[in-house]
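Note that chain A is present in both complexes that follow, paired respectively with chain B and with chain C.
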Partner chain A sequence: MCGIIGVIDRTMSRMDGSHIKRALSLMDERGSGEGAGYVAYGIYPDYADCYAIHVFFDNLLEPKTRVDAILKQWGRIVHQEEIPTYEQPGLKKEHIPWRYFFKPFTDLVVGSTNPDDDNVTNLVMAINTEVEGALVFSSGKNLGVFKASGWPEDVANFYRIEDYKGYIWLAHNRYPTNTSGWWGGAHPFNLLDWSVVHNGEITSYGTNRRYVEGQGYQCTMLTDTEVVAYLFDLLGRKHGLPSEMVVEALAPPFWDEIDEMPEKKEEFMKALRLTYGPALMNGPFAIVVATKDGIVGFTDRIKLRPLIVGENGSKLYISSEEAAIRTMDPDVDTIYMPRAGEPVIGRVVE
Partner chain B sequence: MSLGSVPLKYKISIDRDQCMKCMRCVDNCSYGVYRIEDDKIIIDSRKCTACHRCISMCPRDAINLKERPVDYRSHPLWTTEAREDVINQARTGKIILAGMGNAVDYPIIFDRLVLDACQVTNPSIDPLREPMELRTYIGKKPSKLEFTKNNGDIDLTTQLTPNLKLATPLMIGHMSYGAISLNAQLSLAKAVAKTGTFMGTGEGGMHESIYPYQDHTIVQIASGRFGVDIDYLERGAAIEIKVGQGAKPGIGGHLPGEKVCADVSCTRMIPLGSDAISPAPHHDIYSIEDLAQLVRSLKEATNWEKPVFVKIAAVHNVAAIAAGIARSSADAVVIDGFKGGTGAAPKVFRDNVGIPIEAAIAAVDQKLNDQGIRNEVSIIASGGIRNSGDLAKSIALGADAVYIGTASLIALGCRVCGNCYRGLCPWGIATQKSELVERIDPEVGAQNVANLIHAWTLELSELMGAAGLNSIESLRGNRERLRGYMLDQGLLDVMQIDSVGA
Partner chain C sequence: MAEPLVIDTKGMHYTPLNRQIREAVASGVKEIVLNNVLGQRFIGNGLRGDAKITVNGVPGGDLGMFMSGPECEVFGDAEHAPGNTMDNGVLIIHGSAGDAVAHSMRGGKVFVEGNIGYRGGIHMKQYECKRPILVVGGTTHAFLGEYMAGGLILVLGIGHEPAVQDRGIGSGIHGGEIVIRGDVDVKLLGVGAKKVDFTEEDLENVTPVIEEFCERFDIDPKPFLNTNYSKIVPSSARPFAGKYTWE
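And then the complex of A and B:
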């Protein structure tokens, strides 16, 4: 199961977290109270040019000392603090959520066209694989993931997400199967600017994982969803594919359809499938991916998980359930169901 | 002085009550087991190879065969085979020749691997009702897509190099005309044309009766360069450089002069009746850069229109060698495991040299992946693939496609008797004797082989559907969907799979 919902205000007008909390809590039936999470874009305007690095610390002694040292070696910590939390009857603090606002030293990464991002990616991979008791779960600029094991409303109240205002929100209500409800296993998953919420299971995970690992990523979260973030980072950021094309690579049309396409399109799709065969995602899934520029929702090629889209003016909603959208926005004026594999894209209008 | 005779390998008996003396056994046995004396069928069991031709042709099921009817004193080290080999070599002073694949009782890793299926959290897919994609492209792939955007139009800058398009990830490996008969090769050619896949010509040139199916052939260049000219290269859909063979890594080939009839001599471009000896190495490939040069030369000769494969035997260092091949212009690496078949190989090589294909696939796939170039080159696996389960497991371990050899011959009648090198194959496969070759009707043979390919393709679709996968790309290298059953930790680590239950 799992329930997902995402919203973007294309004019970048910011919304507080109270609405999405209500919408996600409506889908409690899709979860099991073992994991929920939110990500919001535009929440740290004062540190907009810093990477906001959210870390779960098991304690503030050795793990934090080591993370501090790694960060200071590779850049400058502009500001750091514990993320304010408020314990709930059903949700106690198992880890200490911490945030750093971090500027990497640009000249430390050689041979990269995007040294800042590559620097931070390397840091995240290094901390998550090497530092016991520390897990980076959010690393983008002007955005933050807030997640824990618990019901959606408890997690929202734990972080008081109504205190944050963002122009993009994604939220996820988890029914775990792969890993028990540990905090790191809750969605959204994030790397740099990419955040992912996912309902379903990626049966091609082994293939996708090997592919991203061959390209320098390390899967550390014990679940299939993080690979989606890495695939988007690889295809979207490193290879420069636009979002529609990334979705076409991850959930491509069938060969029978491609064979019937006009010649130029056919040639393009063939090249895309041959180049990105190991990135093709199989299995039942509905996914919403966000970046600072917008959100993309899509399902697997035969749509084995639900996905519903709603629109109201500058706002675009993507969710597992229509009721959740209507809870967030009773005045929503368009509701439709996208076809299998069809990308639903909401972009910010500058 | 005399060592005497060794006991019979097989004992043939005829149920005389059942026998109606139709003499089909007499006519069919090319090894001379049966003869008629005074209207009675006399049996010389010592000549029997257990090819089953007589048994399969007997209308009354009157013939019985027993293996090893005479016991030796049992001994765990000095097995019957060990003793008989010594006796044989004491007599002859020669290298022992053997046919078919490795006959030592090594564990079969495929049988210790189990596949996955979906339950609840991920629905299985019914291939009868949903699309199921087995289409496989063999050849170089770009590492990333390059394109330009012009007024909203996307124009590809990336140019795909020629790839072979397979309807199913299953091809027929290289068995030359010479090693097998023309009717056998023609059956295979017709079968691959019917099923949308490809076959290897082996190192023996291409006979003109294969020309109509040349678009479904991969022409082979081996160290003897038999039958190679520019026409041969241009006829194939792809070209394969054979460096080694799983059944006999490190040594060349030998087609005895008796098998070099007029037709074979023309196709191979060698004198009639002469032994065709392929040297152990290619004498223009002493290094990886020499190989890269040959790959480029072949591509240059064919206007860069043909994919070029390089076939190596699975040896200890197979992964590093494959990585070297992947860096050349080669489109695919063919790895042939030590259980691969052969017409003739020195027994000591067949049974002792090389590594199993399962471990080789995993090691090569891993090495290429570690170097970030796995998707840029294809991996074709061969050597002991017996059924669609082995096929699915090969792909999950990391192969793009497989070659089958022995399985396709069994579909033509072969019973794996292992006497291919004697040229007397009663099934008309490994022989050039016209009266035996005629036993294969290429139309019927083609249908049998096509049936086999079709059946495995159906089973592979079902296995994939059950695993919730609807395209072959998602099975390739998907080791999460494999588990090892009673495999040791060393092998689990090499193959990077978990144990059952984990």
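And then the complex of A and C:
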């Protein structure tokens, strides 16, 4: 059991983190105090064209020297600083959160339609597998993940997330069941523009992991959810599928449902299921994924985890509990439960 | 009659709230009004007696869990599993509810005016005079009455044609009955469920339930007493006999 909530303001009007902190804290019982986190989009307007690389360092000596060297080899560090944190009695500071604003050298990667993203993906994988005592947990432009082992309100106060303003927020309260809680295992999981929060477990993790590792990704977070971020990056960015189609590949309709579809749709769904068989996710899950362009929420096909949607004007909310949405926005005017496997999409309007 | 006890629950955690409710009922309070409820879990948990609780707002999960006797009326939606293992009494929800409504319920009534989520009435049971009843005014999602062992689920499907369109109805059902307004496509039935004729006798049996539901929500019962229903029951007492055991 975990608690998730996400919000987008489709007009890109920015909200500070105080509301989502209250909403996530309302779902304290969905976690165990071993992991909570937040991600916000649009928080670094002064460095909007830089990749914001957030790193957990065990110390600022050897691991940081090695990360500095890797970054300087692959691009230019425009600015760097320790992420401001504020001591909390209920939270043990086990790592030093650091951030780099980074511009990759574009000419280092060839044969790619988005060399900068590939460059950053490569160096994230390199740091996370090769540098002891350093873990990159956020690597997108103009966005940042803030997470730790602790209760939702403690983690929020540790980073003072009310000081950040974003047009998309996702938040997660973790109840680790299959692997132990640690800072890197808290959600959201992020790679480049993709951030994922997840309630449930992905029992197909082994198959999915082998599939993404065959495509150059490395799983290093000791828990299943990170594979979802890599699947979205692979299907959504590298293969260029729209969000609806990514969800159809990861949580497709049952074969008997496909059999009853109109012929063209049936043919397409069969092709999609066969092409992306190893990307299909099994097990109970409710997931919200964000990119700079929007958010998408969906559940497993037999709905073994809760998901509820709220709308109020330009704002779309997706959460485990209705009360959490109403905590963020008492005036929310539409509340509904999406059908299992059906994507709920909120896109920014330019 | 004594004045009701009114509690403003704004920002209150469920533990002190439930303690206050229990103490009040133990001291003889018959009516409690909870205002500004938002997300507090386990309201009325294990409560006994004949008190009446009015909830204004959206209560958290497991509303009325193990409750035995009281009546709880919610003016708002409910989250997951209201009526979880409820033993006796009534839950009346003037809104919709989440997944696993009436989970493992063993007695009493749960009335939901709007829709419910997935797995409504999962593993409801019955024993001798204990027969739980779940009535849904709107529609329900998949796996209605999953692993159902007893009791009655009635779906009126007001504003929905067909009343239920999700799959897996009565998946693993081995006791009790599911009654749905209108015809139900057999392809929506789960493993172990079968559709049988809805007889005059069946209508007589559900008539008092329909009348009580309609009275609670101020709905005209006539259209629901003069229409067709589908009745879904177990095809055998052991639907998975060959799946988990071998002779």
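Operating definition for what follows: the second predicted complex is superposed on the first by the 350 of 350 C-alpha atoms of A that agree within 3 Å, B and C clash if a C-alpha of one lies under 4 Å from a C-alpha of the other, contacts with A are read in each partner's own complex, and residues count from 1 in each chain.
The working rule: contacts are C-beta pairs under 8 Å (C-beta built on N, C-alpha and C of every residue); 3 or more make two chains touch, one makes a residue touch a chain.
Everything quoted here is computed from the prediction, not taken from an experiment.
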Which superposed partner A:Glu321 touches (first chain B, second chain C, both, neither): second
Partner chain in contact with A:Ile302 - chain B first, chain C second, else both or neither: both
Touching partner for A:Thr106 - first (chain B), second (chain C), both, neither: neither
First, second, both or neither for A:Gly206, with chain B first and chain C second: first
Partner chain(s) touched by A:Asn114 [first = chain B, second = chain C, both, neither]: neither
Contacts of A:Ser13 with chain B and chain C, given as first, second, both or neither: neither
Chain A residues touched - chain C or chain B, whichever exceeds: B
Partner chain in contact with A:His239 - chain B first, chain C second, else both or neither: first
Common interface positions of chain A, toward chain B and toward chain C: 302
Residues of chain A touching chain B in the complex: 177, 200-201, 203-207, 209-211, 213-216, 238-239, 241, 245, 254-256, 267-268, 270-278, 280-284, 301-302, 304
Residues of chain B touching chain A in the complex: 118, 121-123, 125, 130-131, 133, 135, 137, 141-145, 147, 154, 156, 158, 160, 163, 368-375, 396, 467-471, 473-481
Footprint of chain A on chain C - complex, ascending: 38-39, 41, 58, 60-61, 77, 79-80, 96, 98-99, 115, 117-119, 141-143, 166, 168
Complex contact set, residues of chain A against chain C: 26-27, 29, 302-303, 306, 308, 321-324, 326-327, 335, 337, 339-340
